[in-house]
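Okay, so subunit A shows up in both of these, paired with subunit B first and subunit C after.
What follows is the complex of A and B.
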């Protein structure tokens, strides 16, 4: 299959499947798993074809010359890393949704989402990028709104509206770019071609900051994260937020380097605020999943700090942390969702002593938690350390405060262990049977292996990530 | 000469004798197919004052497809006849190139619209029809007042518009006001929300989906040179009108409980988006913008109102409250409705998105990015009420008893309109001809 088929085939497939399946029909489930496996092998296959510099052309379609509205598919290392991450997460999400109720439509929406997200990472035409960027919202809206928890409708509508409003700034920026440079092709646009780079920078920054999310544009995320079903939270944290980071790197930092240099301090300041604000919010929360959600935002704060260094090392660290965040936060969300499903409560004080009832699940929970607080040997450690080093290199020794962020992380994670995993067994936990669907457990094990494997051997990932930024001349060297 | 117009006009006349026979609908459908064939082969109305070009031909073709879907859906004999008349008058209006032919065909469309809504059975329909009638009469009056000024200024009725002296400028400005009355631009919008919501939904589909779009497209063609010549005067004026129309339409839509009212206010907001193309006339993308917007709008708005017709007739649903959980009643209709609503909201891969995108780009291209920003934010806000309808359809548990109803032809009509919405959301090259 060619690249364009991986975008449109899922969309058509989802449409066809929604006509033939309904209720708990498991046809879509198996088809989605096969499709995602194909997508993964396709993305890995792309690696071997990538040129050492520049983009790999995957074809242009549906050309409208006059408006420069051409579906140009091109990939470089950064987009292929995102494609591999996305498709592997999709497989794991499909596995962890194995016993979802009303699953025919659920998996159909997941299939539709996979097409749209591939479009986001493959298209280099601003307008088509925007089309796929917006299209990802639609399946997400339904996935949160139908399968979510008690306040799902509020969360779904808020998520849809909030991110849609942000997108309006993005498309206005794209229009301005086209007016001033005459093209929608992001590989051709240079900052020197633009007449009003500052305006465009602000529009793009605000637009992507909402998705990332950066304080103070983050308020949609705790709601969406908490109300979404656990696998969809994984998708939100692992893919949707990464879309924001990807776009921030590609369209703000790399496209407008001079203006970004000028405003790097704003990105840095907002990154630090995001890191500490959501860290403290996580300490304050008694709601298990909300705590995980804030911890997720806090980690994205680290990514933002790494991006703000605008250095070779910093950007590599940002991409590594993006991957690490996806693998670490996913099991936390999945297990939080699982515990809520079994105990019927979100509150940490209702749990406690899970370790005695469900040792395997708890072990993975603890491992992921330790990854989140940055224990050496996990992905979290490598990510946080490399970000710390690159930040100190770029902005001076006072950036050691970033390490304090990890300490805040340690605070809420360890306290959460004390309240949920260890501690005295609560009555609710005593009454509950913690049995997990084997497929869902399998996905947890894969996450756990990834956390440790890439934590012990970070060079596997850095070997892939470092070449991304070689072609751009930045200060500093690789880690 | 045989042309799409003459076929539609003759069959419309002939169809009166076919009322109460089963041949009416097939004849009407066949007439539309044949007229589509002639449009495709490029036959235009061979009369002085009328001319066709590539983009007009494309739009006529689309118009005939949409009318085909409408005729499939409609059950009342008299409405089918009137739909054919609407088609004939629309083709006239689209092809008109001078002031006289524009005014005549504008009035023809206006009169047919009034006759259309005069098929009254309930008190509400009477209210809607009367409001519509008064509005149309006023619009005609204003249009003719403007025409008088234009003639006093020495304007030639048989050539394209010109604005050499102050009388002509005043005359054309007043005429534009008359056109805006039809287009439901604020402050001439008062009648629209009530009329569209109260008359039969299938009539409303013709009024907002077809008549309004045709008027927008035709008046852009006629008045663009005039606006271009008086650009310093008109850009601030049109920008203000557009922003006010969009904002007011969207905010009022947010507070409605009846689905028809929501769609009526959204129709007012969409008139505002179309006005952005008038504002951006300086840009070469303005005419692409209005054409794309019209194509998108004719599909999605007609489809949305036809769904309302299905809902009211078969399920007795007219408010958001009653719509709850509709997806479990009829998931096919629910799906089509959702797609059209998303298209109205401007979600990508649907025609509504590209329509808005090209119009907005024309605005940016004309250097008015701040006006476009307001319109964009409004468009994002409008997702609020569209998504709220969708939320009612899918997220809420349904309350009433399940009704099994077989509706074949209206579903087929919806399918046609759905294909149109999706096709023009992806294959933009069809529209960018020139």
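What follows is the complex of A and C.
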């Protein structure tokens, strides 16, 4: 299959499948798993074909030359890393949704989502990028709105509108770019060609900041996470937020380096605020999943700090942390959702002593939590260390405050362990039976292995990440 | 040699996994695997020690971050070997002891796996070549300590104690983490040996050295249970006594001192040693005085650990690497002995820890009484026990250094003399006199010789014989030929003070309990007792601060801002748009679902047009 088929085949497949499958028909489930496996092998295969510098051309399609409306598919290392991350997460999300209710429709939407997200990471035409960017929202909206918790409609609408407004900024910026440089091809645009780079920078920055999310545009995320079913939270945190970070790196930092340099302090300040602000929100939170959601935002704050350094090491650290965050936050969300499913409560005080009832699930929960607070041996530590080092190198001694972030992290994580996993069993926990679908458990184990494996041997990932930014010589510290 | 060193590092980690898996089949298997691996580790260390001629240096790269290289190296010199001998030797005896102590526990697999993991962390810490591997070992131990303190996690107190231990030490750890970043920035090197040389030769900015030294020292305070981050150490006594002995008496708590010793030249260059001495002196005083009034056997030992580690810090702070580190070595042995004796007592006395319910136990376990007595003598500083030499050297050092002569040396001497008081109190209350709780006394069992008393005997002999090798130890840990400082009058006056204090304690707690009760009922004594008993209310203040200020005020304010300002402004925008909506709302349903449905249809139409257009 060629690249374009990986975008449109899932979209068509989803349509066809939704005509033939109904209710709990498990056909879509197996098809989706096979499809995602194909996508993963396709993405890994791309690695071997990548040139050491620049883009790999995967063809242009659907051209309307007059409007410069061409679906150009080109990938570089950064996009391939995102593709691999996305497709492997999709597989794990499919596994962890194994016993989902009304699953035919659910998996059809997931398949549609996979096509759209591949489009986001492969297209280098601004307009098509934007179309796919928006298209990812549609299945997401339904996945949250139909399979979500009590206030799912409120959350889904808030999520949809919020990111939709942000998209206005983005499309405006794209049209401005086209007006000033005469092209929609992001590989051809140069900052020097633009007349109003500052305006474009702000439009793009705000647009992507909502997705990331950066304070003060973050309030949609806790609501969406809380109401979304657990596997969809994993997709939200693992893929949708990464879309924001990916776009931020590609279209803000790498496309507009000079303006970004000028406003790096704003990115840095917002990153620091996000880190501590959501950390403290997490400390105060008693709602288990909301706490995990704030922890997720807090970690994205670290990614933003790393991006703001605009250095070779910093951007590599940002990409590593993006991967680390995806693998660490996923089991936290999945287990939080599982516990809610079993106990019927989100409140941490209703839980307690779960270790006695479900030792292995709790152990994975603890492992992921330790990853979130940055314990050596997990991906969290490597990410935090890399970001600390690159931030201090780029912005000086006072950036040691980043280390304080992991104290805040320890605060809410360890306290959460105390309230949820350890201690005496609450009445609810005593009455509950914690049995998990083996497929869901399998996905948790894979996440756990990834956290430790890439945490102990980060070079497996850095060998892939480091070459991404070598070619951008304007970055600080680049070779 | 290199392969042997790597085996030493990896064996406990693999052992932990195997012990856990096989222990699930049969819990006896877990014990035997731990025992064998513990012995193997000790033998490997011994072989390294015997065959030592030059430091084992294994530089390794962990990962490459952009244009930076992050190292993860191994470096084993004399100092490391001494620490390794402590960690593996005491670790082995501790595992051996746990055979009986943990006999009835249903989750032995988990216990031995965690203990092996802990020993692995300690080995990594002391064999670290650079800050990264050191920090990794440091955090592994912290994790193991957390997991083992809350080993009996199904009840409230151990779970709370584990949380407290993790958070207190983590507070220090982040400063160490920050120090890594600062070192990387200022010196470009994370190599511990290299850092000492660079600092001495003035290649690093002096103010930065000072700041980094303080950062590292905060981490050391947290890990070694010094003022003001000590309350976790007392709570950690909720864990199994074997864990307290190994982690919170003999090995992990030493790592704070070890790191200062490792970077000793760095501290000298930054002129930060005086800070170490000041905090050491405060902690020594707090620990020694609070130990006097505790009711729980293990709490006395915990405060005593705090106080004795402070003595080692004072030794370093007063400028003598040899005195501080020798004390660490000596203390590790006799404190492990004391803790395990306490374990034997507690185990035999149906897990009662209250000193006031003991008494006359020497009739039931004379062996434990003798060996604990020998440990107590060493702790008190009676020659020829090892505790005497290092304590004497530390006091002499503080008196000879003009910076520390005065308040610091006075506090040191007070702490030194008080240690006789609290340890003899413990011994007399437990073993001497008549039983104060007949019912309990009847139930006390005599511990087994091979599993319980034998490890105590080995430690007792070690603490006695170490006394004769003090100069060698000092040379090993400081790398220099060592002349023990002497101040003539110290020895005589110290010894007479020790005998005098021991006599008073004997009279007070054994012979004339009636006086004790009278004195204790005085209002002033009651007040003092309360302050000391609660560890000067340090824990109370820290808890109050974190609960009321950090969570209550800080987090609550941010939460308020989020709901009432950030989110509210978004919802305000929504209300506004809704108003506009209603104006044009006739044609739009207002549901995002309909909108997106329309969007898809629009897109599909667009697609069809494009495909047909593109074909043209």
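The definition used in the following text is that the second predicted complex is superposed on the first by the 473 of 479 C-alpha atoms of A that agree within 3 Å, B and C clash if a C-alpha of one lies under 4 Å from a C-alpha of the other, contacts with A are read in each partner's own complex, and residues count from 1 in each chain.
The criterion applied here is as follows: a contact is a pair of C-beta atoms (placed from the backbone, for glycine too) under 8 Å apart; a residue touches a chain by one contact, two chains touch by 3 or more.
The structure presented is a predicted model; accordingly, all values stated were derived computationally and were not measured.
Enquirer: Looking at A:445 after the superposition, I want to know if it touches subunit B, subunit C, both of them or none. Which is it: first, second, both, neither?
Expert: It touches nothing on subunit B or subunit C.
Enquirer: With both complexes overlaid on chain A, does A:407 touch subunit B (first), subunit C (second), both or neither?
Expert: After superposing on A, A:407 lies in contact with subunit C but is clear of subunit B.
Enquirer: With the two structures laid over each other on chain A, which partner does A:62 touch: subunit B (first), subunit C (second), both, or neither?
Expert: Touch status of A:62: both partners.
Enquirer: Quick check on the superposed pair: does A:313 touch subunit B, subunit C, both, or neither? Answer first, second, both or neither.
Expert: Only subunit C; A:313 stays clear of subunit B.
Enquirer: When the two structures are overlaid on chain A, which partner does A:161 contact: first (subunit B), second (subunit C), both, or neither?
Expert: both
Enquirer: Return first, second, both or neither, reflecting whether A:179 touches subunit B, subunit C, both chains, or no partner chain.
Expert: Touch partner of A:179: subunit B, not subunit C.
Enquirer: Comparing subunit C with subunit B, which touches more residues belonging to subunit A?
Expert: Touching more of subunit A: C.
Enquirer: Quick check for you: in the superposed arrangement, does A:132 touch first (subunit B), second (subunit C), both or neither?
Expert: After superposing on A, A:132 lies in contact with subunit B but is clear of subunit C.
Enquirer: Figure out whether A:20 sits in contact with subunit B (first) or subunit C (second), or with both, or with neither.
Expert: Neither partner.
Enquirer: A:418 in the overlay: touching subunit B, subunit C, both, or neither? Say first, second, both or neither.
Expert: A:418 contacts subunit C only, not subunit B.
Enquirer: Common interface residues of subunit A with subunit B and subunit C?
Expert: Subunit A residues touching both partners: 62-64, 69, 131, 134-135, 137-138, 141-142, 145, 156-157, 160-161.
Enquirer: Considering the complex alone, what residue numbers of subunit A touch subunit B?
Expert: So the residues of subunit A touching subunit B come out as 11, 18, 22, 62-67, 69, 127, 130-132, 134-135, 137-138, 141-142, 145-146, 152-153, 156-157, 160-161, 164-165, 167-168, 171-172, 175-176, 178-179.
Enquirer: Which positions of subunit B touch subunit A when the two form their complex?
Expert: Residues 285, 288, 331, 335, 342, 347-349, 353, 357-358, 360-361, 364-365, 369, 372-373, 376-377, 379-381, 383-384, 387-388, 390-391, 394-396, 426-429, 432.
Enquirer: What residues of subunit A sit close enough to touch subunit C in their complex?
Expert: For subunit A paired with subunit C, touching residues are 61-64, 69, 131, 134-135, 137-138, 141-142, 145, 156-157, 160-162, 215-216, 218-220, 277, 280-281, 283-284, 311-317, 320, 353, 355-356, 370, 373-377, 381-382, 384-386, 388-393, 396-397, 399-400, 402-404, 406-407, 410-411, 414-415, 417-418, 421-425, 458-459, 462, 466, 469, 477-479.
Enquirer: Along subunit C, where are the residues that touch subunit A in the complex?
Expert: Where subunit C meets subunit A, its residues are 62-68, 70, 132, 135-136, 139-140, 143, 146, 150, 153-156, 159-160, 162-163, 166-167, 170-171, 174-175, 177-178, 180-182, 184-186, 208, 550-551, 554-556, 558-559, 562, 566-567, 570, 574, 591-593, 596, 599-600, 603, 607, 610-611, 613-614.
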